[in-house]
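Chain naming follows the written order as A, B, C and D, and within any one chain the residues start at number 1.
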Amino acid sequence: MKTEVTDPVTAVKEIKDGDTVLVGGFGMAGMPVELIDALIEHGAGDLTIVSNNAGNGDTGLAALIAAGRVRKMVCSFPRQADSWHFDAAYRAGTIELELVPQGNLAERMRAAGAGIGAFYCPTGVGTPIAEGRETRVIDGREYVLEHPIRGDVALIRAHVADRLGNLVYRKTARNFGPVMATAATLTIAQVSRIVEVGELDPEAVVTPSIYVNRLVEVAA
Amino acid sequence: MNTEDLARIIAADIPAGAYVNLGIGQPTTIARYLKPDSGVTLHTENGMLGMGEVVPAEEADWDLTNAGKQPVTELPGAAYFHHADSFAMMRGGHLDVCVMGAFQVAAGGDLANWHTGAPDAIPAVGGAMDLAAGAKEVWVMMTLFTKKGEPKLVPSCTYPLTGKACVTRVYTDVATFHLGPSGVRVVATDGITFDQLTTRLDVPLIQA
Amino acid sequence: MKTEVTDPVTAVKEIKDGDTVLVGGFGMAGMPVELIDALIEHGAGDLTIVSNNAGNGDTGLAALIAAGRVRKMVCSFPRQADSWHFDAAYRAGTIELELVPQGNLAERMRAAGAGIGAFYCPTGVGTPIAEGRETRVIDGREYVLEHPIRGDVALIRAHVADRLGNLVYRKTARNFGPVMATAATLTIAQVSRIVEVGELDPEAVVTPSIYVNRLVEVAA
Amino acid sequence: MNTEDLARIIAADIPAGAYVNLGIGQPTTIARYLKPDSGVTLHTENGMLGMGEVVPAEEADWDLTNAGKQPVTELPGAAYFHHADSFAMMRGGHLDVCVMGAFQVAAGGDLANWHTGAPDAIPAVGGAMDLAAGAKEVWVMMTLFTKKGEPKLVPSCTYPLTGKACVTRVYTDVATFHLGPSGVRVVATDGITFDQLTTRLDVPLIQA
């Protein structure tokens, strides 16, 4: 349905306690900082956050964790030099961690967006990640069964949007945005600039408007 | 009523801002009756959102066609994507409505529109099963009776299925039906009465 | 490894009797006609062809079928007004048909290219396509297990390439090309124009060079 | 030999025209020793082919980083893609070589490089398991012994695995090993003899 152009606070207003929120970015590249700030202001807690990392420094996702709003992190790489807020919460036992290999994180969200019920994946076979999981040998190779990761909401950051909600990204800040946009019930994109319909090259659109429910312009 | 009139009715029922796939054949006609200010965006499974209208061969760009391989136009705000992404969009439940033709629709929403089951027919399914499984709403546009007068809205399909329990509305030349958990509701008729419908169809009907 | 720029006949020279060849195009849009002509001249037969349609008119894939080189077609929509060569071969019993819903055709090739062993797909549940197949109910919905489709060779058509093999497509002629490029051992792309490295926008490349082994320039 | 020397050796062994992923940490160094005319293309799992070198913070574009979140450059002929496409590329076996660090490598090619197994360690795997499962060749760059002098090329890993039977080459400060069906072959040594290696490693070795 029609994409709405709004402000950060209005954009996140329906996020509820207990929601699963997909948060774009690889480290700070592509992290929708202003949308996360709005979420902190909004106040929803007990959240499950799906994001590659567990926050950097004191802003963005790190600030959300510091504010005690995150019950569970689903991520591939929580251990970074500047992820002290996650470290503290993890060691205090106030945050749960589901560690997912980075490619599985992406592919499981892709599956959610693409209507795939589950898939057999070679990643992690024979490792602790696969322990107790359903496996199957196909054409002589062993695979682990992986299930989709769906979000109630996705908060992503792109570069430029048109008013319909078509998105283009910038360099490696593209990372998880396009996949998360497909995997959530409500997708909110923060962009540096909103242009008129017809200004984006249809051959170069990365996220078609169908995946974007709300747009927020935040000058870079 | 004729195809054009039916297309106009269906076009008016498509919600503003919806993302819609119109199947090959009759449903393609619906595009002509969508109001530009409705903000309806057309999807074509061969990799495009923001598809415009069918154009005559002399204006054709053969790199820009619809699912029926007819030349079409590109509207401002369009986007292209490859086939796996296009069907991920369909299968993932992102299209609000698709409209397809049908050989038969069952009262419970089963759809048969890809194969007559005749042993010498060459089967061809295209994207019909993917649309049936994926769109949020599957609407059917068809005549209510075959040329021989046999009903196409039936208790149970005799033709091979395209999808199970997927159709929510059936638009026909003589009546429009909404299918749901409570049964088949007749929401409009044209040149036929509710009583005549109950006589000619072997399906319990609810008067709107 | 390094992408080779060559002519159609040289490009297809290793295609062997019995190979599985993925052929791009949706109808004629994106069909690599000159590569197929070269394959006909080359002479390999007993081929399994994976393509959305079973040939149109008397050129391209239709000509390959007419030449008797195709043992089996894997496609979603063989029944078209101008697919008379397939019709004749099918009715004569000289060609085998595996009918695959269009989305499964694309997703099964995507799985091959993406290292997915198999996936649960909702398409075709309860239809003859699913008869005798493994199914599973996941979160209350029924799915059919689908396996990858790999090609020995992919013949695709794009619009512009750079000398490294990066590809962009044109409008709906993009269709199956990007997916097939990932799913074959040897990918050969026919393009209208080859430009110098650096002339394509890195944000707009659709098929990265890693997927393209050979490039053939054929003016459109 | 030091990291720079080792990086130079590995760079020289990468085949011309190869598509390569260099892991976080030491392997990143290898990029500096790749000859421009070798046509080697670097992949970074955060969505890019054609990655250039690491640049200092004052020249950084923070939308353009490597997998270790360091700012890098874009080379002519680069391409960007999203994470699902990037890992499809890795998992689908399209990368010719990846080079990673390791805690331990087993003689049979098992790799352990993500978790020490210490109960208080915060586990983090990133893309290591995907690379181990997906790249055509997995090479390891590491010191052969821990600071305590314990060998890191072992009969069987005691640390949790990243991937099974995936490593084909181990480049270390004192020796280079090729792992294959016939066993572990010592192809080069630096400041250590073959006999010393056989004494210090609990792994049968083959002299090249």
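The rule is short, and it goes like this: a residue touches a chain if its C-beta (ideal position, glycine included) is under 8 Å from a C-beta of that chain, and two chains touch if they have at least 3 such contacts.
A quick note: this is a predicted structure, and the numbers were derived from the prediction, not measured.
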- Expressed in whole Å, how far the mean CA point of subunit C lies from that of subunit D is 34
- Measure off the straight-line distance from the CA centroid of subunit A to the CA centroid of subunit C, and report it in whole Å. 33
- Message: Need the CA-centroid distance for the pair subunit B / subunit C, whole Å please.
- Response: 28
- Note on the structure: Where subunit A touches two or more other chains at once, the residues are 107, 110, 114-116, 121-122, 169-171, 203, 206
- In subunit D, the residues touching two or more other chains are 74, 80-81, 87-88, 90-91, 133-134
- Pick one for the touching-chains graph, please: line, ring, star, complete, other. other
- Chains touch in the following pairs A-B, A-C, A-D, B-C, C-D
- Message: Could you list, by residue number, the parts of subunit D that touch subunit C in their complex?
- Response: 15-19, 39, 41, 43, 49-50, 74, 76-81, 87-96, 133-134
- Note on the structure: Contacts from subunit A onto subunit B in the complex sit at residues 1-2, 110, 112-116, 162-164, 166, 182, 197-198, 200, 202-203, 205, 208-211
- Message: Looking at the complex, which residues from subunit D come into contact with subunit A?
- Response: 44-48, 61-65, 69, 74, 80-84, 86-88, 90-91, 110, 115, 120-130, 133-134, 160-164
- subunit A to subunit C touching residues, read off their complex: 107, 111, 114-122, 136, 138-139, 141, 143, 147, 168-171, 201, 203-204, 206
- subunit B partner contacts - residues on subunit C that touch it in the complex: 26-30, 52, 76-80, 86-87, 90-91, 97, 99, 101-107, 109-110, 121-129, 169-179, 206
